[in-house]
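For reference, the structures are reproduced in the following blocks.
You will see chain A twice below: alongside chain B first, and alongside chain C after that.
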Partner chain A sequence: MEQIVKTMSLKEQLSDQFQRHRDIIGRNDTPLIAQAREQAFHRFMEQGFPSDHLERWRNTDLKRTLSLDYDQDIVAPALNTEVSNLLRCNIPHFDTFLVSLYNGWYISENGSWITRPDGIVIGSLAQAIKHFSTLVEESFARIGQATRNGLEALNNAFAQDGIFIYVPDHVSADQTIQIVSMVDHDRNLLLQNRNLIIMGKNSRLKLVHCDDSLNQQPSFTNTITEILLGEGAVIDHYKLQNINDNSSVISTTLFHQEANSQLSTHVTVLNGGLIRNDIYVDMEGENCTSDICGLYLVDKNQHVDNQVQVNHLKPYGTSNQLFKGIIDDHARAVFNGHVHVHRNAQKTNAYQSNKNILLTDKATVNTKPFLEIYADDVKCSHGATVGQLDQEALFYIRSRGISYDNARLLLMYAFAAEVINKITIEPLRLRMDDLVKKRLRGELSICDQCVLHCRTKENTVSFDIDMSKI
Partner chain B sequence: MDNEENSLLDHITQGEYKYGFVTDIEMETAPKGLNEDIIRFISSKKKEPEFLLEMRLTAYREWLKMSEPRWAHLRYKPVDYQDIHYYAAPKKKQELQRLDEVDPELLQTFEKLGISLEEQKRLTGVAVDAVFDSVSVKTTFSETLEKLGIIFCSFSEAVQKHPDLVREYMGSVVPSNDNFFAALNTAVFSDGSFCYIPRGVRCPIELSTYFRINAARTGQFERTLIIADEGSYVSYMEGCTAPMRDENQLHAAVVEIIALKDAEVKYSTVQNWYPGDKEGRGGIYNFVTKRGMCRGSHSRISWTQVETGSAVTWKYPSVILLGDHSVGEFYSVAVTNHHQQADTGTKMIHIGSHTKSTIISKGISAGRSNNSYRGLVKIIKRAQNARNFSQCDSLLLGDQCGAHTFPYINVENKSAIVEHEATTSKISDDQLFYCQQRGISTENAIGLIVNGYAKEVLRHLPMEFAVEAQKLLSISLEGSVG
Partner chain C sequence: MLIIKDLNVSIQDKKIISGLNLEVKAGEVHAIMGPNGTGKSTLAWAIAGNEAYTITGGSITYRGRDLKELSPEERASEGIFLGFQYPVEIPGVSMTNFIRTAINEQRKYRGLQPIPAPEFLAKMEENKKLVGIDSKLTNRSVNEGFSGGEKKKNEIFQMAMLEPTLAILDETDSGLDIDALKVVANGVNKLRSKDNAIIVITHYQRLLEYIVPDFVHVLYKGRIVKSGGKELALELEEKGYEWLKN
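Now for the complex of A and B:
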């Protein structure tokens, strides 16, 4: 455990920590990874934390996050409880294979390197460096080359642990794999994880990834997930974020798609102090499809920022973005959708849509759905709306004897349902549906439990509406 | 894409600029370069009052501290600001009273441009103010307008005759330190147009300014100020051309519009600066700041622009909707061909309650050009019940061009309704097939479709301009539009 001296800025602290402990941080590294770390560290020192001078960061201010002091573990701390106590998932009828990142370190009941009967390999990143060193090296080199912002470089310098999943060619996972990133600590933690998911040709995977915090302690998560889809691979990826109001999560997800692969990713933000999702999709093969959806429900002083960049590099690609949000109190929502159609990506279809409902005059929306197109035989469109609940619809419902509050809830729920209904895993969809209803009713606002680890008995939420009157 | 279409696109790409001649006219130019002495020289040349010189010098000092904006989706050779003549004027013999006193050479030039002042005066009833290398040469119809109390004259004349108005309104919409190019313009502007419509007057004719850059190695820095007093109405048009030259010339203008209570200003512009040749050599750098302010309630400002010219365009005609119930509109067709680059769009800043804005932008890119729409819709906290609708479409002709959309939407009020939609596509094969099937040649079909595509904007142009704009569309996409 490293206790950081308070008088230094976070950047100085991190620099100090890296220089003093580089041997421990890189104890598992191959020479190539060590080199990438070193380069990334220097890049971070040059670039620093992103500021609002960067176009992509102009609406997200990290000042509040960076003003706090954080501890960062250099080696995994000892667990003082049974692993099985920490891993519980009680979504009814939802059978998942669970691995977890507990305070940033891999834990699983089945050990740190698992080969499932269907051939899927799941393990910690530290183990992956031993078993699949080339793949991990490539990942570190890729992120090392990216110059988008200092946070990615920082992750490349420090990330030691994370989840590694390898799905061999032609294997289709029968069980949903669930990753739970849990923060449960009595001090402020800085977590930097690196997840790497490699999918072989024609493989299939369903992946649910949850970010949770178990108490109100501030934390700062800077995580990168890379997902490589081989030819014809199909992934259903769900990300659920429900962290406390004092924590910040910067989550960067990079998808690389080979020919004929299909991506569906789904982000749901239920709660969080500052949540930023950077989603990059690179269509490196022909005929790829990707569906990128998001739902964010924010209130109080929360800040949510979704940044999506879809790079159409090859012909016949289709991408679809749908992001919807309800913004309450003083909250702020940012959406930045970028579709980049490269010169030879002919026959591309790209759609983008961002819809927002503002509930108060203190809430703010910044949206920028933008298109950058260099190919001529394409169909691209985008749309963005910011508005309020439809007064006529409200009146219609109220004229049928439903109270104002219930009518409002019903409309908000209907607004959110478009995104929720895109979830294809039935038990998950029902649970999400439930959580969104709870969230809209304000019952989830002080949630000290994980989304999928609710200790209370399952009780469905229903509106107090007499349907016979409608 | 079949061969026929390819050859057609080649043909399009070969369209040449028709206004590229140079007029041989006696010019008076200031030495190259920019410093406080040059500014004093310009100011004394124009016999300006002290306050204006002060304003210029302040702007110049601000400008020295600024750097050129690089955020636009544009690539161009940096401008050497010391290699430009900041003052170039046709040599004046005396104050002109009648049109026939104007240098016949000049008149011929304007005739070639299709804006014979004489003819305009007689036939169309359009009042023209022609600005030649930043100096206003002749304003027609002044007397008719004077009767109504309308002031329409060159900026320098306004400075002499109506210094109070100039002092009150100049810089009130685009402050001198607004941005790099606005500061430069404020420091060195040579002339421009000035227009004041008194209370309750509806301007019976369309006012028009024609800008022409003629001299080599000069920059054009004109300034337009339009003030519409309470309850007045004016429709204002602006056109521009420049000769063909290998070097890039700078055009950094500022347009300010002020609409008071219940006033309406309609500003239409057809930009036909020299766009450079097929290889991308030469052409005008068009870095313009245009902004209107709806100061009073129920006021209305509408921008309509047809952009076919200039090598590089950096231009965002904006409206600040300050008064309650005020309305801002922006209609634009931007055509880029060859190596042209355009980064253009608008800003709608909603401050008053019940303000409305509409944005319709149509981009057409061909050749190796890049065409970007960049827009901002901002609704601040106190702007109750604001409404915006934006639509920006892009049409791609050819596989070497680019079309981009950067819409920024910032909303801080829950009662706002903001909608934005955009599409990018090429001319659909279905549409082409449909036309061909009815016996229309590919060439005519493309023309038909492009014209139909731009119609939504063109119909907002005044009659005379709509005709010109349609002609321009056909020149810019030579060979296809019939």
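Now for the complex of A and C:
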């Protein structure tokens, strides 16, 4: 009972905040955005936070997340340090163009609106409303019309800042762009960002997006990223999540693909109290491909939920989903992979696979592959497995003299490697490889060895077994 | 070297080995034969330390150490090698790295530094030649997609790389063509020395033409019911096991 009262109170607090500060929240809005915001607010008030009577929320319970009180900044607080102190990345040989969201607000050493020599425009969402108002208006209108759940509406009502990237037609980014969302606050924080990435015809982009916490303070992130791939556009998108055990991240990523575009998106969940990734892929043109991969490593009382929905709307599309997870202690994992092949999406190929290893009998997995096919000339397959570490393999390895701990590690790493090896940016792959090994050994922590963004130089780890050539 | 006294082994409360005695001295080759399902593999598992097989009585000592006290990996590092009747596939773990890790963990146990890379590579080359497997196999994941015969050769390859003092080969000859059989025999004979011992479990006297045993034992219903010299294998080939069953 008490929990429900608390839940109501977060909703009420948000309602109150919106009504009192709608002018400040919308101070940069165009009339269309303001209208979308208003509609979204009402929709959120109707729908509230998602609960288990929504099919897609059956296995993820937000009670614990919603039972806390949070602060939400409606104007950017003053930074009490130099931006350059916050932004540092120490992946060897990894040259990235770094932009960041610090407690939900855009920071960059290069200013809030940049046109790079290669023609790519990068800036804050607030700036984008001025420079590319139509694109932002369209985004707010799209999300505003979505009725999937109250969280998207809530984001549309409150989102003021985020990262905006525009890649003009025929431009290939000559550098990987890296977005780091850092939460570093001494009180509980609610963050709602909107990122918008627009890719022109035949453009190319590599994008790495990290969610990090820099301390153990609870936070609740409700973020939406929209990525629009123009005709023939190619994106390599990586998401890395390493947040503290007290925090929740609900991350919705919407990909819209025009004809002949190629999407590769890859999420690695290393740590987090509650992590929910909603990935939507709409193939709106013919002959699109998308590879959607994920690796999740959870333990203690953590909860991870990956929801993927691929909509094959046009013919000759190919989609490939590969999600793997290792679940330890009392942790829970959820996977829901939905492939929807629409009536005229002939010659579709859609594959899906979800494999899980449960390390204890208290760990749980809910996995649900779901194919919905309305076209007749298609190739689709799906499969899900849930198992323990292979005991026979474990004994075989030990019988050669390899210790129990290392034998386990070898098997877990071998399981994870299939997903890690899909990373095509070599320095990133090596780094992720290292992080996953550390994680599997229980040596990864969220702040003193933060992930890709690093304030302190990290010592390289060495393992007593060499796993480099597995 | 290996002394087994009044051994009793159960799996899931089912008694498989009861009152088995066996002594294997350094330099000896023992063959164990016997009908299907009489406990030959069970004996091998018990020596190697598979925890699913519970020792409910008796003892196994190896070079004076009670094996019950040692984990499977410690037994391996003490020099015991088991060639599996059904080698296990380990997707995602490359052969090369698996072997190197095993060698280095065993060396660590013995207080040695990791094997220098050139030495390791030279040893790999030498043993690949010995058992007639090529880099195509060693670059793959352990046993993954290997044919039956390739898996068996791979067991001998691992044995040659790890240089055990006691090798137990559980039906390594089954499913091998005649050339492969010679390869296996070569591998075993190379290991043969006055300091090492070998136990071969087999159904076929044919293997014993290549690996000539000092002793042949018949295991029946969890006990050794007859022991003899190499001529016992010939006798079994001729007469079967019927005559021993009472």
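The working rule: the second predicted complex is superposed on the first by the 441 of 470 C-alpha atoms of A that agree within 3 Å, B and C clash if a C-alpha of one lies under 4 Å from a C-alpha of the other, contacts with A are read in each partner's own complex, and residues count from 1 in each chain.
Just so we're on the same page, contacts are C-beta pairs under 8 Å (C-beta built on N, C-alpha and C of every residue); 3 or more make two chains touch, one makes a residue touch a chain.
Since the structure is predicted, the reported quantities are computational estimates derived from the model, not experimental observations.
Judged by the touch definition given at the top, the superposed model places A:E392 against chain C, while chain B stays out of reach. Touch criterion met: A:R400 reaches chain C, while chain B stays clear of it.
Of the two partner chains placed by the overlay, neither chain B nor chain C lies in contact with A:L66.
By the touch criterion defined above, A:K379 lies against chain B but remains apart from chain C after alignment on the C-alpha atoms of chain A. Of the two partner chains placed by the overlay, neither chain B nor chain C lies in contact with A:I74.
By the touch criterion stated above, A:A414 is placed in contact with chain C alone, chain B being left untouched. Within the superposed three-chain model, A:F370 lies in touch with chain B and out of touch with chain C [touch as defined at top].
The touching residues of chain C, counted against chain A in their complex, run 48-52, 71-73, 75-77, 81-82, 84, 87-94, 96-106, 108-109, 141, 158, 162. Put simply, chain A touches chain C in their complex at residues 390-393, 395-404, 406-407, 410-411, 413-415, 417-418, 464-470.
Across the interface of their complex, chain A is touched by residues 1, 71, 73, 379, 381, 394, 396-426 of chain B.
Residues of chain A touching chain B in their complex: 55, 343, 346, 356, 358-388.
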